[in-house]
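Below, chain A partners chain B and then partners chain C, in two separate complexes.
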Partner chain A sequence: MSNTIAVALAVARKDLRAEWRTRELVPALAQFVVLALVIANFGFQIDSRNAPMIAPGVLWMALVFAGLVAFGRTFAAEREQASLEAMLMTPASPVAIFAGKALAATLLLVGCEAVLLPALTLFFGTPLSVPIIAAVLLATIGMAALGCLFAAMVARVRARELLLPLLTLPLWIPFIVAGGQAVQVAMGASGTYDQALALLIDFDILFVVLTSLAARFVLDE
Partner chain B sequence: MNKYEKGALGAVALMLLAAGAIFFFAPTDALQGPVQRIFYLHVSSAIAAYGCFAVVLLGGAIYLRNESLAADRLARAGAVVGLVFTTVCLVMGMLWAKPIWGTFWTWDARLTSTLVLWIIYAGYLLVRRLAEPGRQAARFAAVVGIFGFVDVPVVHFSVTWWRTVHPGPIIVNDALPPEMLATFFFTMACTLVLAAVMIAIRYRLEMLADGPVTAAAIHAQVVSAPREPEPVP
Partner chain C sequence: MSILVANGLTHWFGSDVAIESIDLTIDTGEHMAVLGENGAGKTTLLRILATAARPTSGRLEIMGLDALRERRRLRRRIGFVAHAPGLYPALSAVENLDFFCTLHGVSRARVAEVLSVVGLSEVARRPAGQLSRGMQQRLAIARAILHEPKLLVLDEPDASLGSDGADLLTTVMRDRTVVLATHDHALANRLCQRTLVLRHGRSVGTATRLHIVQ
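So, the complex of A and B:
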């Protein structure tokens, strides 16, 4: 068990170091989410009155598509250099390798959120509060688990850019529903925040357990 | 005439009988009029679709355990047939909703989760097509099938706090007159027979498409096959 955690942390550290040295993904994602806000502004004709209504939707749209790009990239680099096979040949368990890659991808997406949430506050005038951050972070955990599982799968398949959103988006819907509800309430809409947050935690547990069970079949192929 | 043709003929005959019961035996609904007759096939095909996807789940789980080719073929057959019944259910529901609700579509919990169900299993068939045939396609599809089956109740549950307009479970609530109930159960039984026959025929087709191979042969082929070279950009 401690060995599994050590391997996962080592893989995550490797991925984060690779990102730190190239500094490719997080700046690109940050630019992407800011661009998404600009596009939303033109698409929705945002002003001070309708901004609180539209902002939660824009937040989740930007996050979902940034997540797709981020998780797609995690396994793309491994595929280009065929380094995943090398990692799988070591005695490390596939589940530990998967957990490490998912952890690194989660942290990279959190880095992107660290740009998205302040930018949303800046451009849309919505509050930046602990409840909003908590909901987004909780949703990120489950989305990352699912996103990385299917990214690992499509990395070995033709038309991978096409297939990743088709497989991942339907499975992300529960997180977007619950997370969307939580953020809407946190931004002033009526409803119950606690229920949405409890659901997010339930979904996180369910999908993290399921993906860790399935990871072996996807990676060890 | 082989047993598949006999089965198909029998299933079609049963469906015609069900149509007779729906149009001539069941009474016309006092409030909704003849439109209510959509209900019988609509609910039956939803149940048949869930049954088919349960077959996909089961086949996938068995395949992941022991790499049984038969289980994988069963899962493939179930996905195609289930998708057909989900389409029937969605289209008939929309036809019913237009006169009754005044709109073809509303983002109700049940409608949303059925649409997601459709999208997930369409993705399942896409994975089958795009992955390398054999062990990889079977494994990946099994994982998608299992996640899809888990996700649908979760989606349904997560959207139920929205106001729901879909009619509730009238069958368990004993709200139907006996003729309607009899028609419904007869239609459901016929639809399930139809689904089973379709799965059996599809299974046979998949078996013919696979050719005379054994699981060991497929495994050896995958293990020894050279890696496909990456296209140079």
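So, the complex of A and C:
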């Protein structure tokens, strides 16, 4: 078990270090989410009355597309460098390797969210509170697990940019629905926040377990 | 004593056969070269022998273990240098090897040792992406011997090694069983006791060093 954690942490550290040095992904994602907010700001007639209804939709749209890019890169880069095979030729557990990649992708997306959430407050005038951050972070965990699994599956396929959204988006819908509801309530709309948050936790547990079980077959076969 | 026994190894890519009915036995400590034209099936065979790929059919036993079922256990004892170096260009040579030490569960003290063996100690802190192709190949060889494997599978390791490449290979192959694919007959003859020749995915036969010379 300790070896699995050590491998997962080493893989995550390696990915984050490579990203820190190349700065390929996070600046591009941050630019993308800010641009998405700017466009939404001009596209919708936003006032204090409708902001809590519109802002969550814009938030999840930006997050979903940023996530597709972030998770798509996790395994595509390994395939391009032919380094995934080198990793799999070690006795390290494919599940640990997958967990490390998913952890790094999650942290990169969290970095992107650190730009997105304050920018949302700036453009839409919506509050930035702990319940909103908690809902977004919880959704990110499950979305990262699913996104990385499908990214690993399609990495060796030529049309991976097309296939990844086709496979991933339908399974992200529960996170978008529950996360959207939680954020809407946290921004002042009516509804039950706790129920949405409990759903997010349930989905996280379900998909983290399922993707961990599937990762062995996807990576090693 | 045989370290590797293969029976009827066959691999198909769609409707194309890459290797067909390869039978092979390699003794402990033996160095075997695999020769053949481009597309003869050398890389496919080596990837199967290194447990990086599964054959479509056939049996493979390595060190007494079923190589199709016990792949993770065998990977502790197999070192593989693939066609592409498969390094992380943003990480230094040391960081690349440190990372693989964790994955293999070996001490990081091995990093300095293997860098010295492949002659990369002086560029150890340089990003792998800034190393020459030959240096990257040396780094890939260093990674393959990091965990002191008993069986070393080398896919054209001489491709960009330079003039002292054969000496380096002699050093890393010492006291190990080796399967080496190459286009260089002279190198095969110098480093290996036996040669397997592939043509269109089939074994044309094996020959000892003496036969090759003749």
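By our rule, the second predicted complex is superposed on the first by the 218 of 221 C-alpha atoms of A that agree within 3 Å, B and C clash if a C-alpha of one lies under 4 Å from a C-alpha of the other, contacts with A are read in each partner's own complex, and residues count from 1 in each chain.
Basically, a residue touches a chain if its C-beta (ideal position, glycine included) is under 8 Å from a C-beta of that chain, and two chains touch if they have at least 3 such contacts.
What you are looking at is a predicted structure, and each value in this text was computed from that prediction instead of being measured.
Shared-chain residue A:V157: touches chain B; no touch with chain C.
In the superposition on chain A, A:R17 makes contact with chain C only, not with chain B. When the shared chain is aligned, no partner comes close enough to touch A:V95: not chain B, not chain C. When the two structures are aligned on the shared chain, A:V185 is found in touch with neither chain B nor chain C. Of the two partner chains placed by the overlay, only chain B lies in contact with A:I173; chain C stays clear of it. In the superposition on chain A, A:A36 makes contact with neither chain B nor chain C. On chain A, the surface patch touched by chain B in one complex and by chain C in the other comprises residues 82, 221. Looking at the complex, you find that chain B touches chain A at residues 64, 116, 119-120, 122-123, 126-127, 130-132, 135-136, 139-140, 142-144, 146-148, 150-151, 154-155, 157-159, 161, 227, 230.
Here chain A touches chain C in the complex through residues 3, 6-7, 10, 14, 17-18, 21-22, 81-93, 220-221, going by the rule given at the top. Across the complex, chain A is touched by residues 50-52, 54, 71-73, 75-76, 78, 80, 82-91, 95, 99-100, 102-105, 127, 140, 143, 147 of chain C. Touching chain B in their complex are the following residues of chain A: 79-80, 82, 146, 149, 153, 156-159, 163, 166-167, 170-171, 173-174, 177-178, 181, 195, 199, 203, 206, 210, 214, 217-218, 221.
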